[in-house]
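The same subunit A turns up in both complexes below, where it pairs with subunit B and then with subunit C.
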Partner chain A sequence: MLANPIVLFIQVMNALSLGMSLFVIAAGLTLIFGVLRIVNFAHGAFYMVGAYLAYTVVQTFGDTNLGFFLGVAGAGLGMGLIAFLIERFLLTRLYDKDPMLQLLLTFALVMILRDAVRMVWGSDQHSISTPPALSGAVNLGLTYYPTYMLFLLVLGPIVAFALWFGIERTRWGRIARAARLDREMLSALGVDVNLVYAAVFVVGSMLAAIGGALAAPRSAVDPGMDALVIIDCFIIVVIGGLGSLIGSFVGALILGFLTIFGSFYLQEWVIVASYAMMVFILILRPWGLFGQSDEVRH
Partner chain B sequence: MTSRPQLIFLLAVFAVLAVVPFLGARYPVELATQVMIFSLFALSLNVLAGQTGNLSFGHAAFLSIGGYACAYFLTRLGWPLAVSMAGAVIMSAAAALIIGALCVRLNAIYFSMLTLAFSMLVWAVATKWRSITGGDDGFVGVDVPIYLTNPYSFFWFTLAVCALSVVALWILSASAMGHALVAIRENPTRASFLGMNVKRMRLAAFVIAGAFAGLAGCLLAMYVRGMYPQTAFWTQSGQVIIMVLLGGIHSFIGPIIGAAVLYLLEVITEQYTEYWSFVMGLILLAIVMAFPEGLVGIFSKLRAPRRS
Partner chain C sequence: MRAVGIARVCAAIAGAISLAAPARAEDTIKIGVILPISGGAAYVGQGIGDGVRLAVDQINAVGGIKGRKLEILLRDEMLRPDASVAAAKELITKDGVKFIIGPATSATSLAVSELAKTEHIVNISPSAKTEAITGSKLHEYIFQLAPTTDVDGVRSVGVLNKIGAKSVCFTGFDYAYTQDWFKAIKANMGAIQNAGEFLVPLNTTDYSTVIGQLIASSCDTVVGTMYGGGFIAFVKQAAPFGLFKTKKLLWGANTGDYAVAKALGPDFPEGVWAAASDIWYYEGSDAHAKYQAALAQLQGRKETDMWPITGYNAVNFLAAAIEKAGSDDPKAVRDALEGLTIDSPLGPLTVDAKTHRANSPEFYGQVNSVAGSPVKRMSPYELVK
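Here is the complex of A and B:
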């Protein structure tokens, strides 16, 4: 079937589109780990909250282009505010304690948020329709391709570039990188490190929520939607290396291609293959393809 | 980890449990059986988490491997109970040996990630391997031996298995090996300078933890008369971590108390609200923010305010 160039083209586009939509979410996870050294189990829950927030905004403003983009923005801002409160009132108190406590805190957030969305939005499935401007298909020469999928595909590299630029080329990014390397020294230089931590946690969480809002037109919005996304994000950041942005980009592409093309050869067993890949990477190169081994770092 | 008050506490618990069947109601017997199974599961995790300090996010994998194996041996192969259970425990231990050998080389976050990855692998295989596990629908209908079909006899059986396991784990914890494991938890570098093979000891703890989790899985499969993929999902591994932490990670009886309290809380909460996950999240939040030593820690602080 893949011998047909049109089928092959569509599948490659699907893989890229899936990979890029996962990248937006995973980028937030890796950003938070990179600076705060926290593995955020609640990242999937943030993604879910984002989808629900977008749903509410779209309900309020209607299924228009404006409604949809306000929904995406609302998801980002709403989750950003929640993340800010979480960081200020909970995470800050744990920075100088056992890292396991931080991990468990995020686990507690998973359970709280999972029921919180049920309390607010009920247990029913919701959905958001694709905005009018992005529905339908575009002619790509070889064949028509769904506009929304193409939109996601293009958005990924834009987000990647924006993050890269923000981290590597701006003053704020330099401060965040310094916070990762030597927190005390940075603080001694007069930088408010706590503010840097809060900013990074908020930005990372906003990415999860935006990813959730963007995923909503393609999948159901329901209280269980976080459970597998977080594992997909873990697979991506583990492949690329925890904390590495370029690693997450490549990891997301690898997972996208494995999921789409693997299903041709493995059918439903493809999900086993993606976990097996995570296992192999952790065994052979725990720090991932683009990460640094702890021995090198120190 | 072990101490005289804890021993007295354990004896008291077993004395109370032995009275339960004579209360005349069937519900407490069922409830006590469930609590014992989850206490055993939590206790098995503590061999790893409490004694070596490695927090496994995939311990549910061994619960489900033991459960599926026991269900398969009893039902599809028609093996006798003792052989089925021994086989299931051996399979869990073997899986723990292979998985553990790869995991103990890693520390902290990477150890947690790899155990999580392995358990999701087990979950995915359990979901897809229909001919053995029944796939998404689960392994429905386990052939429990006729003499265990009565809830009372199954209660006594569970009590016996759990009591023997507690004795075995107590002896382990009080042994030289148990002390060595604590030394590794507190300071692995120093322990290795003292001539301990840190990785091998961690692996031994991993295998023991896996074997007892598998045993708990056998009991669970027989009690529920089935086994389901969700048993291996990461949220189940998270729940057992909460049980251990709630009770207290640095004591022998902690996980037993944690499992019992959490399980009973779940049963009570679900009578009033459907939001059990929310309540459990708040409990974990309280432990993490305020009581990292768990219930046992609170109790010993009240008793001896000057210590620690």
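Here is the complex of A and C:
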């Protein structure tokens, strides 16, 4: 069937689109780890909260273009505020403590947020429609392709570029990179490191929530959505290298292609394939494709 | 230091759990209920649980069974066989439960049934459909109320013939229910052609590949089993490719229910053939009207969902059997259940003495927009027994 160029083209586009939508979420996870050295188990829960916040905004403003983009913005801002409070009141107490406590805390946040979501929104299934401007399909010459998936495909590289630019080319980025290398020295130089940490955690969490809002028109908004996405995110950042932005980008593309073409050739065995690939890459490069060991980094 | 810290956390959690265990009245009949309470299928657990509560409230309101009230002990199955078995073990050993209703799905129900067999606990499976539960895995203590996949298969082929399907392709989550239902359809579909089977892992989030395969297939009808959030995601991803314009759809896994139709709203594909174990707009009998009114009050909305009737019937079977047996001894109750008939909201329902199956009736119909209804629903529909 893949011998048909149109089918092959659609599947390649599907793989790119899936990879890019996963990248937006995984980028937040890797950003937080890169600077704060925290593996945030609650990242999937942040994604879920984002989708629910977007749902509420869309319910309020209606299934319009404005409603949808307000929903995406609302998801980012709302989750950003929650993340700020989590960082200021909880995480900040644990930075120089046992990493085990940080894991316990983020794991506890998963359970708290899951129950909070059920208390606020109930256990019903919800759904957000594709915004009118992005529904339907566009003619790409070879064939028609869903507009919304094209939108996700284009958005991924834009987010990647914005993050790269922010980290590599701005003063704030330089400070964040310095905070990763030597927190105490940076503090001694008069930089408010606490603020840097808070800002990075908020931005990373906002990416999860925006990813959740953007995923909503292609999936259900339901209480189980966090568990599914967090596994994909971890696979991406592990194969790409924890803390590496370019690694997440490449990892997301690899997972996108593996999911789409794997489910074609392997059907229900595709889940095994993604884990097998993760093991394979870790044997070859224990720090992931673009990761560095702690020794190298210092 | 680390080990001490972890031990302290564990101790604190253990303390909190033991404090949370509520004090219980002495002489109640305890019913263990194992359902999905968290995760994507929580709405199913909520629904079945509502039915259980309604039946228990009604029975307790008239004094219980021979003066003994019923007490519900609800546990989360988390859609995982291991979690379900752990919950069942705890209910049996710690709470002394002799009757278990649930779990809700085929895989988890099979797992708990194995435990019921060795522990001699009466286990009523309210909603799981795989025929293995009372087929190859049948034992003395398991009873299955939902129509089994082989019965569903025959009913579904009836729909396929009615809509003039010539060639069918199959898609769905890869699990026991899908495999058994498809097997039953294929065994009964006669001259209708099988154009291929395209399965995805349970709880997939991306359906692009399978949608591409379905569109490329020559079939005129798609038979599918994705449910809940999976169906919602599948529909929203398939619609822009025009899948619903070119092919007819027959969907299993109770897609004729309120929950998914409400969530999808206008995005629900027009004209899907589906089934549901109950519908709030059925006006065929007084018994159903009475049941539906009570349920609507409990759920706080007029449009009740289809799951409660499964839990409601399960409790009423159990209560009737305990009453008939004159004791809560699991062996006596099991014997009483065989061949027992109750008046369900959809008419008399009997557990077959040999097969342990009730094969409850279901509504079949085509989901369409209906004037005056806020959500799409089956119209026309028929009650298939």
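Keep this in mind: the second predicted complex is superposed on the first by the 295 of 298 C-alpha atoms of A that agree within 3 Å, B and C clash if a C-alpha of one lies under 4 Å from a C-alpha of the other, contacts with A are read in each partner's own complex, and residues count from 1 in each chain.
Everything that follows uses one rule, which is that contacts are C-beta pairs under 8 Å (C-beta built on N, C-alpha and C of every residue); 3 or more make two chains touch, one makes a residue touch a chain.
Quantities reported herein were computed from a predicted structural model and do not represent experimental measurements.
A.B. asks: Comparing subunit B against subunit C, which has contacts with more of the residues in subunit A?
C.D. replies: With both complexes superposed on chain A, more residues of subunit A are touched by C.
A.B. asks: Have a look at where A:114 lands relative to subunit B and subunit C in the superposition and call it first, second, both or neither.
C.D. replies: both
A.B. asks: So, does A:234 touch the first partner subunit B, the second partner subunit C, both, or neither?
C.D. replies: In the superposition, A:234 touches subunit B alone.
A.B. asks: Of the partners subunit B and subunit C, which touch A:127 in the superposed model: first, second, both, neither?
C.D. replies: In the superposition, A:127 contacts subunit C only.
A.B. asks: Let me test your reading of the model: by the given contact rule, A:208 touches which partner, first (subunit B), second (subunit C), both or neither?
C.D. replies: In the superposed model, A:208 contacts neither subunit B nor subunit C.
A.B. asks: Would you check which partner chain A:279 touches, where first means subunit B only, second means subunit C only, and both and neither mean what they say?
C.D. replies: In the superposition, A:279 contacts subunit B only.
A.B. asks: Please indicate which partner A:100 is in contact with in the superposed arrangement: first for subunit B, second for subunit C, both, or neither.
C.D. replies: both
A.B. asks: Looking at the overlay, does A:4 come into contact with subunit B only (first), subunit C only (second), both, or neither?
C.D. replies: A:4 sits against subunit C, while subunit B stays out of touch.
A.B. asks: Between subunit B (first) and subunit C (second), which, if any, makes contact with A:220: first, second, both or neither?
C.D. replies: The second partner, subunit C, only.
A.B. asks: On the A-aligned overlay, A:160 touches which partner chain: subunit B = first, subunit C = second, or both, or neither?
C.D. replies: Neither subunit B nor subunit C is touched by A:160.
A.B. asks: Just which bits of subunit A does subunit B share with subunit C as contact spots?
C.D. replies: In subunit A, positions 98, 100-101, 104, 114, 118, 227, 268, 271 sit in both the subunit B and subunit C interfaces.
A.B. asks: Show which residues of subunit A lie in contact with subunit B when the two form their complex.
C.D. replies: Of all residues in subunit A, those touching subunit B are 39, 41, 90, 93-94, 97-101, 103-105, 107-116, 118-119, 227, 231, 234-235, 238, 242, 268-269, 271-272, 275-276, 278-279, 282-283, 286.
A.B. asks: Quick check: in the complex, which residue numbers of subunit C touch subunit A?
C.D. replies: Those in contact with subunit A are residues 1-2, 5-6, 9, 37-43, 45-46, 174, 198-201, 203-206, 208-210, 212-213, 216, 228-230, 232-233, 236-237, 240-242, 259-260, 262-267.
A.B. asks: Any idea which subunit B residues touch subunit A in the complex?
C.D. replies: Those residues of subunit B that touch subunit A are 55, 102, 106, 108-110, 112-114, 116-118, 120-121, 124-125, 127-128, 233-235, 238, 241-242, 245, 274-278, 280-282, 284-285, 287-289, 292.
A.B. asks: Going by the contact rule at the top, pick out the subunit A residues touching subunit C in the complex.
C.D. replies: 1, 4, 7, 10-11, 14-15, 17-18, 98, 100-101, 104, 114, 118, 122-127, 129-130, 135-137, 146-149, 215, 217-225, 227-229, 232, 259-261, 263-264, 267-268, 270-271
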